[in-house]
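Two complexes are shown next, each including chain A; its partner changes from chain B in the first to chain C in the second.
Up next, the complex of A and B:
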């Protein structure tokens, strides 16, 4: 766009410069003037059917939809004149004439455009005396999506999204006029890896997700940015969680993960695998330290870490290179990998540093990559040559430190158990429960990426730094804290990192 | 000497007030007995808990969930009461209802009376007029904390 000619126009008295070919709505948004809209979405083709975004353009007799009207030199646009406000009111009145107003049971309530715009631009009493049209309230359209046709405002964002982004086009608008409704073609439900985005882009509560259905209300959610750790793309996501009230004191739950805009990586979308990542944060987690396969209460990881340091000290300096094996993973942040490099390779002089990660899946050609680890490039950048350990390489060690539960995905459980039985000291640092738990002497519960801050480098080499999105449970530590603590205990240089 | 006199003076004053109440109330009771001045009543001691005074219609007592015609709770678990509650004492869990006209029902509706301040905001916030505080139940003592957790979704 930057190569295009820029034109000057006036929006609400503001002198605005915009690239040629930009819509008035977009130009206004860039200038900080918000124009309400339902059907317009920056990533989808313009449809102009909701008429919510109409503005007054000097010299034109009628109001123009600002999403499809392009900027021209010298245009004078007014977005909040009496005429425009009346038009918006009428649009809302017509939409609400058929809307069921079941906000109390609607999952979209609190983040619904119709609610917000009615509050801001409507506030008229209904003039309808006829009963509302009854339609399908709960129609499963596939992939855990539920369509409520009464709530639908026919903006066709969903239809356009499916045609454009995954290109599958499962949804269409059927019938005409009053009877028009969004639906699936016979026996062909929505089935693609990006279906979750429909819930995000639906401006009202017409398409909702089964997974989020009735779980909580939108206004309770704390929304924090993070980076998706489920494939090499590193999409920008928002982690939406509740801590404490209305849950029990001290309880925390991640209710959903939604797409966050990042034009450099994922645009506006995320795949369903990443969206399902909320389970990764909340389900199957280690809540406390485990010793010999049994959870121990009242033992902090700091105390237990002394055992790890003691085990490492039993191996004399010259034998460490062969006697201590470490298995890292590509879910560690760049900072943690640098720390691991400093501690294990530079500090302890280990040569047996391996990597075990999720098995690669299949790429879908859009966002999802075959590689299912978020920081594969970070591992290379930290100076590691990632290699899966062979069984006998592990079995030969005296001390084994394993980060992540992924080793069991690559090696058979019985063989692993046999190999581990011969190792005097073995420690597991894992966020999730797995078959390795009962094999390790001590299992340290560690944080998942959403609970950490750090940097990931995605498959395209884009470096993304993220902050902690949700607080980990008490007693759960990030690997960075564990590595720094271990360096402290072994009196090694952790590179200025503190043990926290 | 002066101190002792002050005590006696206050004693007499107190006795005066008590007697005044007695004679004023006695007068009104007597007048009422003869059908004069029936509007104004003399003070009466109510023998609580054997005797109960009638509560004002707007009195806020223990909460209840108004039932639907078929007896199920009329609450739709919208959690507006949970949102508005200043003492954070309401906890609601929603469940799916097979009836598409109802869809959302409370699976759990608990008011923690340990925390409740009986402000009545939940009643005002309710969009379907499901929660009310008109049971007239004011004896809410319990020996345990759990005993003060009112489960409202079950009759």
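Up next, the complex of A and C:
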């Protein structure tokens, strides 16, 4: 940083300092002056094709695109003079000349740059007398993405993203002039693990996701920050949900997960696996407590927790270490892990504390890590040495507490069933349905990470604290509440306020 | 669908590539060689050229579709290019196009059913001082009139 010279310039009368090599657009943004733009994206190569970002620079005869013009000592820049405003109007008029009047049925409406800018900078009536060009409106370009060529403003963000970030470059701009269009080569579709970002960066509704198309309107969505729990990267995400009114059965709650900017972790992007994590929040969830494999209505987890405490109490102090086994997982937050440590290791003196998580996948060399749990570093930091239990280690227990459904990913179901059959008391705390459900005495429905607050430490040791992004269903508890409740029932130290 | 140039064309292509410090720089001349031999450039030929030059096929398609002188489908024995850019448009290019459509029964981008003539429009043939102008297999004609065009078409028909 120290190597970068800083230069002083004036933007709209404000004295601004910016590092040499910064674009005027960025310098203005840092000073709180927002310059409208389509093609500029902070993470992509500058192309300067949309001309929406033009500004007036004292001493220069023509308007300059601020995304590509760099700051210089003493520049005097004006971003909203009459000339600039006229130019923006013209850019918008040209774009809208060939734009369909799709807003009422367009998924982007409400978060569309063209719509927003027209409202702020355009507001001109159409001067077109000719009929509009008709183009392909629902071209499947791969990975559930749909391209609408009538809506495309040819900013090439999508093309540049694919060439730069995943490096796969499936899209190009074909033809030229009026006939220019974005497309794939023959039947070679967009096919990479970061395709969903195209929907995020397309400034208009030209690239939409089948998973989201026509499902809801952008303005119905509550956007809450969270951290993706699907691998060790812990990308910053926004969970977008509808929770303002009671939902009919089968209706979606989380409509999509989008990338949230975090320069320290994921930049501007997330992978498709993380984006698809919306299903993890809404699908295959336990909504109710289960006893002996059957959901029971009207039984609260607080009441049922007494059974767990009672089972633990049946094991006399000196035998606990061998008689009680606990299986934790790396989806638990640092706070929950600390609580678990205090309760199970310090409080109850257990030695059989194991871990079971999703099986590792393969890393893609970009964001996705081989590790498919979000808090592996948090597990170590809490002082655990995570180890998968062997079948007979579980089978020997009198009381078994399992957090998460992941054991069944590692041990054969039939063998597990046989081992569990011999354990007098076994309890499962799981957000998702799975093969273990029928084996446990009681299944407690627990929250998924998006429904919790807490801290994760990613593979690089970056700590991220997040707040609750969606409310869990009634009767679904976070593990923190369950662990604290258990400590309470057993009259053990839950460590003060951090349990809640 | 596959493509392979003739040994002679391949030799020419490789010689051309060798002229440039970077392989991708040879894209335009390579496409010309392919079209020169096959009369058009198929998708398979695009993919072949891409592999040869270390480019993605998408990139070849971008370049190929940008220029009007490349053909992506087999053309007729004669190619008629009519300019419709500013000078020619003002001098009556639309009228000329209308006449050709009337006489040959094809529009821009189409080929007569007997495979004799392909009609395309061009954005400036560099012949504005002879507007309206057209090219027959690369040979300039202009300024043309309804009469000269009618005669030209008779000649083309007779030629077959």
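Observations, loosely collected:
What we mean here is this: the second predicted complex is superposed on the first by the 485 of 500 C-alpha atoms of A that agree within 3 Å, B and C clash if a C-alpha of one lies under 4 Å from a C-alpha of the other, contacts with A are read in each partner's own complex, and residues count from 1 in each chain.
One rule holds in what follows: a residue touches a chain if its C-beta (ideal position, glycine included) is under 8 Å from a C-beta of that chain, and two chains touch if they have at least 3 such contacts.
Here the structure is a predicted model, which is why all the values come from computation and not from measurement.
After superposition onto chain A, the modelled positions of chain B and chain C are compatible, with room for both.
By the touch criterion defined above, A:138 lies against chain B but remains apart from chain C after alignment on the C-alpha atoms of chain A. Within the superposed three-chain model, A:461 lies out of touch with both chain B and chain C [touch as defined at top].
The superposed model places chain B and chain C at 90 degrees from each other around the C-alpha centre of chain A, with the value given to the nearest 10.
Touch criterion met: A:188 reaches chain C, while chain B stays clear of it. After superposing both complexes on chain A, the closest C-alpha pair between chain B and chain C lies 26 Å apart. Looking at chain A, you'll find no residue that touches chain B in one structure and chain C in the other. Interface of chain B with chain A (complex): residues 76-80, 82-83, 88, 90-92, 94-96, 100-101, 103-104, 127-128.
Across the interface of their complex, chain B is touched by residues 102-105, 109, 137-138, 213-217, 219-220, 245-246, 248 of chain A. Residues 169-177, 183-186, 188 of chain A touch chain C in their complex. Residue ranges on chain C touching chain A, taken from their complex, read 43, 46-47, 56-62, 65-66, 123.
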